[in-house]
Amino acid sequence: MSNAGDGTIGVGMVGHAFMGRVHSHAWRTVHHFFDVPQAPRLAVLGGRDLERTKAAAAKLGWEDFETDWRALIARDDVQIVDICTPGDSHKDIAIAALEAGKHVLCEKPLANTVEEAREMAEAAAAASARGQRSMVAFNYRRVPALAVARRMIADGKLGKIRHVRAQYLQDWLSDPDAPMAWRLRKQEAGSGALGDIGAHIIDASQFVLGEHLAGVSALTETFVHKRPIAGDPDGRLDDVTVDDTALFIGKFASGTMASYEATRFALGRKNSMRLEVNGEKGSLAFDFESMNELSYYDGGSPDETAGFRRILITEASHPYAGAWWPPGHIIGYEHTFTHEVFDFLTHIGDGTDPAPSFADGLQVQQVLGAVEASAGNESRWTAVP
Amino acid sequence: MSNAGDGTIGVGMVGHAFMGRVHSHAWRTVHHFFDVPQAPRLAVLGGRDLERTKAAAAKLGWEDFETDWRALIARDDVQIVDICTPGDSHKDIAIAALEAGKHVLCEKPLANTVEEAREMAEAAAAASARGQRSMVAFNYRRVPALAVARRMIADGKLGKIRHVRAQYLQDWLSDPDAPMAWRLRKQEAGSGALGDIGAHIIDASQFVLGEHLAGVSALTETFVHKRPIAGDPDGRLDDVTVDDTALFIGKFASGTMASYEATRFALGRKNSMRLEVNGEKGSLAFDFESMNELSYYDGGSPDETAGFRRILITEASHPYAGAWWPPGHIIGYEHTFTHEVFDFLTHIGDGTDPAPSFADGLQVQQVLGAVEASAGNESRWTAVP
Amino acid sequence: MSNAGDGTIGVGMVGHAFMGRVHSHAWRTVHHFFDVPQAPRLAVLGGRDLERTKAAAAKLGWEDFETDWRALIARDDVQIVDICTPGDSHKDIAIAALEAGKHVLCEKPLANTVEEAREMAEAAAAASARGQRSMVAFNYRRVPALAVARRMIADGKLGKIRHVRAQYLQDWLSDPDAPMAWRLRKQEAGSGALGDIGAHIIDASQFVLGEHLAGVSALTETFVHKRPIAGDPDGRLDDVTVDDTALFIGKFASGTMASYEATRFALGRKNSMRLEVNGEKGSLAFDFESMNELSYYDGGSPDETAGFRRILITEASHPYAGAWWPPGHIIGYEHTFTHEVFDFLTHIGDGTDPAPSFADGLQVQQVLGAVEASAGNESRWTAVP
Amino acid sequence: MSNAGDGTIGVGMVGHAFMGRVHSHAWRTVHHFFDVPQAPRLAVLGGRDLERTKAAAAKLGWEDFETDWRALIARDDVQIVDICTPGDSHKDIAIAALEAGKHVLCEKPLANTVEEAREMAEAAAAASARGQRSMVAFNYRRVPALAVARRMIADGKLGKIRHVRAQYLQDWLSDPDAPMAWRLRKQEAGSGALGDIGAHIIDASQFVLGEHLAGVSALTETFVHKRPIAGDPDGRLDDVTVDDTALFIGKFASGTMASYEATRFALGRKNSMRLEVNGEKGSLAFDFESMNELSYYDGGSPDETAGFRRILITEASHPYAGAWWPPGHIIGYEHTFTHEVFDFLTHIGDGTDPAPSFADGLQVQQVLGAVEASAGNESRWTAVP
């Protein structure tokens, strides 16, 4: 596969809803702030509906569009396929793209089932041997504060880790009259809060700690079983077929105790993805609603001056942050995606595999599977394979 | 039983360590700020060691002392017995005091086992019929902010409750070289973090919600199995025989989903007893380290101005707060005990039973029992009787 | 002057309103938590109205009462005179007490005018030579967090100080219909927000920095000129004759730049006494509404982990804090007064002069005077003598 | 003047340092998120050094470049001139561009002196009559939280305003060895902290209140008079000829009392642009380090539940916010510039004058002038013309 030749690399993106909008911004922006081997070219946008896809391509800055993702994959001006569709189509698109020799960036969770994820991970491993790169879009790894957290833990600044508590709290379903959406149908979304936002805290906590969950005990619940179909003139209701919340407790292989909660019913918490880590030498706390901040307790400080400090993660010494603005000038949600495509382009240029790989995506899927298995079996302890 | 006749009521308190110091302050102070039917008289302090008890009585303001709690109970100038000893002696002292016709205030957890607690609750019920009052010292119910929280929920301001998350985080055992203590011996303490601080968040969450946990799934862990004996010249170690942390998830009868964590290994969290509640109409958040504040999200606010508000719980309209200082002049930890004895004295005066009763203490003990049972049985779902 | 002989020292307190209530608590409580040379005995309470004084003495725990402060001073069982009256009576009471050989604790501001304060300081200096101790009750010096701040600055942890910003924000006059009070009459109160709460931030900032203001430029304003007389059946209004707010900027002798604001019209700020200090090596921030916390930025931390840390000032290593509860168990407003009388009793025992002395009180009065002079002279720069 | 004809409007930008980088991002991004009458075309970048300008044009996405701003203004493909240079060149570029029939966006402060600003305002007024639009880039007006603040005050939600306190605190000059920069030379920058960041809080506070300062009393100070020349092999020092800090107090025409502080020596405060407003009915507080949040106290709430609420300004109902992401997904510093060019393009399309106009810029310059005059005249009260 050859690149565009003009120093750019062609991107074909499937899907133009929320994730498509933010990925488009990242592809448009990355090379103006970061040094990348090849600047991305927004070659082709893929969607199902011709008029809506055409309009989205114009608004989001894509040169061309296709209404059949197979046609998009087949195009010579596409070297990277970026998958921004619901989970039920990830496997087919990703495997076809990999078979067509493309690099693949795929939104999370990797798939709707462990089995699908396993097939995708196998295809990605085979493609890697052919020089193609694959990555799952767990964008929270690219929040500078969480990248700092990982670095501090890897450097031993926290010592042995005792506790992790991870929560992803939103409230957009708190109102029982909030309308039905694809994210509430098992067929399309795989699961509910668990896969949508629970997957993020599973990945982020394992990323920050640098190790994997050994097992879990779980409860899931659906609070609202029927929701109105948006715009339906007869006011009909549709069935919610996924969990509204997932709570689980678990252990890491090293003995770290962990608790997780994912919900979209935490009224007042808009996008509160929180992570706390307590180690023998230090502790960290993070909340995505204040994503430019990391709270750090240094156990080595004398008692008199010890305390959680609010580090503003906007220093040139912080990962990614130096590419943006002077200290104290914060960045936002979409920057995490810009960082993500920066890393992806860098690995494509280097010929090395980026993380999180599809194998990492499979592992998260296995945790999701263990949570569902435990919740379906009297919350019994369930090992993660 | 007659009272002192001079308008006071005599108190005999057993134990003069941490809890004894703070209870003494409450008995000395309550009538100077609150209107009570009878002012307490600090009649007798009970302790095991003569010299230490005598010194404590002098320092803490007690008129007399006894080194045998049975003698203390027997005294005519004692109408109230206040039990501030480790859990293994609660049952014997409380039942003896009740049989002797005294009112009894007992530190938490009520006992070390469900069976002990049941005997105590039965004795208290029988004594109540004879006009004696009993209460468990779950002092967090008397934090004004939590009393406000309960009132708001009871008044329906939060609507149907979806989620509770409760954490009690301390760090005084985080250092593996911290010395052995009675709280780390099962024989004396019953359990570890679970009974010491987990009991508080179980009681406080049930109090605030006004309902009981239906069942739990739990994990417990002991991180440090041996600890140095303080002052031992040979540097010997003693066995820690209790949990260092307890994590559990559960459901309330009404369907509210709950998660709990108790630990004394959360480095940097000194006394972070946190409670969050999400309802369909509103949410609350509390942290005891900022005990004069309650965070409240009113779901009825228009989007444009909705947000968690920090209510400073120092207004005259807040429970207990009007007895102290003008708004913005905060109170501290010991005030919760002063409120507790105020309520206790009021109920003694009224001839009505105060809460939390020994029956309430038994119910908390049953939750503690269910947590231990689940943790010992592959985290399987365990109903609370 | 001899002490009571029974190991106690007799206190006579004049005034039983807000300050009298909190001073009483301090005198009742101090020896139960701190080691003092002599425990205080609440001998005599002074007030003007017989019935109200008698009731207050009973409620607040005083043995006896007097309705003439001269009689109170004359009593043999009074060794300490504690002045809790409005400012217009401070001079007469204090000088009479000093002349009668008593130790004197006087509420702030020391007086209503510089001239009165000067007379008092002279009387205190003369009495000191006779072995009598005097102190002004600037209780904020005894907030543990501010005592830590002073120690850190004295130890050089902040380096050369560049900036101080001090604000005392309350809101109890924000409502223009809030009733008239003695604090709003120049005759009794001397000044308004300036002397009532501005005096606190002047003293606290100078205490923390360890140096004095060299000069100021000021603005004062009265927002509401007439207020209803509480309970007046005819709804009459009375004239507010003091400032509602005072703003001033100034310099310390060393070149530190400072800004001050005192107001009782900052709606929502209940008792927000804030102090921020920026030095070349570190910064501090404090807010009395969270009085157990001190925020500290250590400029020596590497960029990657530098940040304002929230120090919970409840460690045994913090001034006063070790006498109370374990870490994380906070204290409240009245504790600052308990600390104050502890220090006063200690100095009486030691035979050394406590701070803030009446001379310190005079110096604060001179700053207040300079603020009023500048505000009355087109805000022109006015040196503090 | 005709537009590009292809539905775009050509931009020529002078300057490619910090402000040039962020303006470039805004021009590249605005039409992908907002509906603008004409999408901007990044036609020409102006700079002084050929190689650096060429490289910047490539990096920042400009089609062409010029090394003479007069040539840039003269080009037919430039309809908008965007001035991102130091203050000493603003007047010449802006007036030339206006005379050449271009729309002009000019960085703040508008000029280095009141006289320059007046000439520019006159030129802009004349150009407005010819259909050209001019705007000063006070980007903080486009922080959604401050736009909400202005709307709430204009709607009367705060009632009569009593107090404003505005601070702009940075720390990049706190180290006396930080190198010399153009912002420290009066010739280029006009003034120091005063014009650089003080101008922002003057403009933002007047914008939010909807009225102007009537007069001020001021202090300025230079802490470090000589600084090293970056990269100078001989370690030579250069003279700092501007203020390091400016403090002033003032009144608005309506009687609102105000205090201001601008400094780059507040160690630990990275970009803390704070604004607090207290009104008779409500209060607001803002800190740019948490720019997605607005703190609001509703005086109409009952005492029991009143408190400052943290509004996350990410709702669709908030100005600008709906164009970005779902609630809780925050935005960053550069978005304020994207909002700014959105408003500018909208006004160009509508044929109406945007705010802040050059006349508004002149008024801010007059406040800066009054501050300097007062500081040079014993801090005496100085009216703003």
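First chain written, first letter: the chains are A, B, C and D, and each begins at residue 1.
The criterion applied here is as follows: a residue touches a chain if its C-beta (ideal position, glycine included) is under 8 Å from a C-beta of that chain, and two chains touch if they have at least 3 such contacts.
Computed from a predicted structure; not experimentally measured.
Participant: Which option, B-D, B-C or A-B, should count as the same interface as A-D once over half of the contact pairs match?
Facilitator: B-C
Participant: Which pair, B-C or C-D, has more C-beta contacts?
Facilitator: C-D
Participant: From the centre of chain B, which other chain's Cα mean sits the farthest off?
Facilitator: Relative to chain B, the chain with the farthest C-alpha centre is D.
Participant: Taking the mean of the CA coordinates per chain, how far is chain A from chain C in Å?
Facilitator: 55
Participant: On a C-alpha centroid basis, what's the spacing between chain B and chain C, in Å?
Facilitator: 36
Participant: With chain centres defined as C-alpha means, what is the inter-centre distance between chain C and chain D in Å?
Facilitator: Averaging C-alpha atoms per chain gives centres 42 Å apart.
Participant: Which residue numbers or ranges of chain A touch two or more of the other chains?
Facilitator: Those would be 269, 306-308, 312.
Participant: Quick check: in the complex, which residue numbers of chain B touch chain D?
Facilitator: 148, 152, 294, 296, 298, 301-312, 315-318
Participant: In the complex formed with chain B, which residues of chain A make contact?
Facilitator: The contact residues of chain A facing chain B are 162-163, 165, 167, 169, 171, 174-176, 217-219, 221, 223, 245, 247-251, 255, 257, 259, 261, 263, 265-269, 278-283, 297, 299, 306-308, 378-381.
Participant: Give every residue of chain A touching chain D within the complex, in rising order.
Facilitator: Those in contact with chain D are residues 18, 22, 24-25, 28-29, 32, 59-61, 170, 172, 269-272, 288-292, 312, 314, 324-335.
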